[in-house]
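Just dropping this structure here.
Chain naming follows the written order as A, B and C, and within any one chain the residues start at number 1.
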Amino acid sequence: MKPLALNLALALLALALFLASLAVGPAELGLSESVRGLFAGGGEAASIIMREIRLPRALLGLGIGFTLGLAGAVLQGFLRNPLAEPGIIGVSAMAAFGAVAVFYSGLAGAALYALPAGALAGALAAVLILMALAARNGSTLTLILAGVALSSLAGALTALVLNLSPNPFASYEIIFWLLGSLKDRSIEHVWLALPLMAAGWLLIALSARAIDALSLGEEAAASLGVHLGRTRFLIVAGVALGVGAATAVAGTIGFVGLVVPHLVRPLTTRMPSRLLLPAGLGGAALLLMADVAVRLVLPAGELNVGVLTALIGAPFFLWLVVRARREVF
Amino acid sequence: MFHGRKRASLSFSLFLAGAALAIPAHAEPPARVMSLNVCTDQLAMALAAPGQLVSVSFLARDPDLSPLHREAERYPVNRGMAEDVFLARPDLVVTGTYTLHNTTQLLKRLGFRVEEFSFVQTLDTIPRDIRRMGALLGREEKAEAMAADFEAGLAEVEADRCEPRPTALAYEQNGVALGKGTLADTVLAAAGFRNLAAEEGVEGMAPFPLELVVEKKPDIVIVPGGDGDAPSLGAFVPRHPALRALPATRIGAFVPRGSWSCGGPAVLEAVKALHALRREIKSCEAPPLPAPLPLEGRGKGWGSARSAPKKNSLTPCGLTPTPNPSPQGAGLSHMDFEFLIGPPPLTPPLKGEGDSEVSAPPSPLRGGVRGGGPGEAEQRLHPYAIALPQGGREPVRAAVAPPCGEAP
Amino acid sequence: MRLAVENLDVSLSGRPVLHGVGLTLAPGEVVGLLGPNGAGKSTLMRALAGQIAASGTMRLGDDDLTALPPAARARLLAYLPQSRIIGWRLMVGDLVGLGRLPWRGFGARLRPHDTEIVSRALELMDVAHLAHRPATELSGGEQARVLAARAVAQDTPVLIADEPASGLDPAHQITMMRALRRLAGEDRAILVSLHDLTLAARWCDRVVMLKDGRLAAEGPPEAVMTAGNLASIYGVAAHITRDEGGLILAPTGLTEGGAP
């Protein structure tokens, strides 16, 4: 498929799902009511629902999905590892732990900004640890095993911090941190996360040439004029910013970054840089779709969207593991 | 609902009868009593004789859960563990039915006397729990006075209800609403509100979508007041900007901190606070309600008639002429009612407004009644309201905590 | 452009690997880099390619090679590493197109000029017919030539190839060496490390022999690839003959004392 056509098709899909996300919710608003609510403003219920509840949710679905798809694609490209993904290699879990540690310890009071600050630190630590490991032994297995260890450790530490919190409600929130959700986010969360995620996108985009060259290995890439240290910095910072911000406001949403690059890669030239934009758009589409689905499946109780992405992603991961033994992607 | 309540109260009476049999009146009251649950803590602390209560649960010191948290500082605390009990060797352990169930079984096997209090609590169960605790502790007189006080106070408020009843939503952490069958539901009803969550079919505590809150536009949303210094994400939901955007909805803590977390005497403070709020936000268009709640469980008959609109009350209720020929119409005095209904009840006569409400909120609340409409500035002045967005918690903590040590 | 290296010292993890190696590489010549395993051939090449730290002087024309930014260096010197890594199921044409990266602006696509250079590189390495096949599905020899074509597509005055002929069948070994000679014919300087002595003797203008990180011998194959040098450097006895195309060397056994 021509890159332009592919990107256009995925962008249209994401847009359609964005609109669907705006249209779905417990308050049964008609189409015209929704549209008027979105644009008219004022204190009408429809307007508040559209602007304060559904729009932030749809925007976060778009932005976080884009971030996760992009982060998965760039990590796979950079590490030349088809199983790399922020969730699997433990970046999301560490980001969640960072957010939890800063937020629930009350260091920053109940301030919202404490969440991304902690999450960025956690994500950064995770990416640095993994890069250090990958530099020494870049095998797929090492990375995945390190990710398992890191995820378990971060999960345990998250549970520990939540249990130690004097707030009796805190320990119930582990579900949110392990299996994220976009429920009841506000426009404040959008403003908190979107600029950070956008900065992450930019850094990742700047690494596009380098990850192309890296498909031939680090030596060949360096001989092609790629500055490996700079590339590593761009990707570490970009992934930490994006995934950190996403996790801070939505918890750990796994597997989007794994599934989407694999789904769209066959539609591209497989050149890692050519995969970035389609993976981002596909990630946005997938997360929006999952987030619409959780609202339709259980309208009242509402499933965490992280549950659904894991239900889709984990079997896919298994299938990839089996396939990875025989094939190159 | 009516039916269910009746059955529940019947079985409860039987239970009470059983309990009464188990404790012969002449038996020595237990010398060492231990309470393992924050709700039994409230009753035990309020009723126990000096030196009788050896320890209370550690949660009794949490101002968000325990109205008598200052009182609790005077007692040692326990963690509700069987070991705690074993070492303290109490004559009586009081705890909740559902909490620490394993501990309860273990203690019973070890030969301790354990009395459990149900935590399906409503306004109806409170006087009975007070009396039962009194009987268990050998403090019947004090308990009777307290229960009667409670009933009288409640009746007074209930008699002052009128139409239209504004809608209210008790919205907890993570967007969980308190629906039918909860203590909050009965408190809202007693204060003259309609519980939106119950009307939307919420039973007990269940998630209530934010979108529905916006769509239904409740007149008030009661959000958790102070969540202490420990933040939680769930606390964001009741503070969501979408709620703030509702132009005519008042959002606040409204009830004194911790006052309705347990069915105890302090719940009356919640009822009174909400009742005052109700008078403040909407004037009466119809006469006081006849009997929106079934009353057979109330123990003391319909005491509410006694305390129907006070002569000098400034509420619009009292001043509204009524087309209804009911005896509760305007112009009838307090004494008239007593005369009509019969001999005064056993409870001590009501004291004048102001001094009877030990933990009543300070005057701004009353001032609000005269103030009329729910203006913006006034909303911020409301002592129980938290001024959203952030930063509103401090005033809550400062203004809300009632002088619990002196609670009835 | 003339590559001149003097007094090159390299240490890897604190262990000295190269000791004062000097080397020149003139446009138009193919220089073979010989020596036993562990002699420092790959280390020398990686040092020249700027991938590991080295002390000493490395000049390319008038430029100090060590001071050039990576992108500028990549436009002057192409390096074909020994490890043959193909990360994704890239099409051969796209893979070879990666060689144009140093010449492309950020986000720019291949211009017609780039495409032309890429197709010449494909033809040179005899892989033009594979241009639309996934590189991962080719045979090892084909992959080696495709990767070499990538280095060729960099279109640099200097090409350094680390064992490009290993693992190739005889015909493709010859194709590879012929391609390198043709590149040299375009006035480029080629440094190629080889294990096949005959291949080195017949296709290289000069050979440089390393032993234990030091320059052991240097000169035209006829002068340097002697039985004595082979014995002292490789520790092998060889049957050496010649035909009209040059020397033919076949190792026949170990010398007294075995391999050094």
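Everything below uses one rule, namely that contacts are C-beta pairs under 8 Å (C-beta built on N, C-alpha and C of every residue); 3 or more make two chains touch, one makes a residue touch a chain.
No experiment lies behind these values; they were computed from the predicted model shown.
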item	value
Touching both chain A and chain C (chains)	none
Farthest chain relative to chain B (centres taken as mean CA coordinates)	C
Distance from the mean Cα position of chain B to that of chain A, given in whole angstrom	45
Chain B and chain C, separation of their C-alpha mean positions in angstrom	87
Residues of chain B touching chain A in the complex	173-175, 206-207, 209-212, 214-215, 217, 227-237, 240-242, 245-248, 390
Residues on chain A engaged by chain B in the complex (per definition of touch)	25-27, 43, 45, 48-49, 51-54, 103-104, 106, 109-112, 114, 165-167, 169-170, 172-173, 176, 184, 186-188, 300-302
Of chain A, residues touching chain C in the complex	77, 80, 208-209, 212-217, 219-220, 222-227, 265, 269-272, 328-329
Complex contact set, residues of chain C against chain A	46, 49-51, 70-75, 77-81, 83, 85-91, 94-95, 98-99, 101-102, 104, 106-107, 136, 147, 150-151, 154
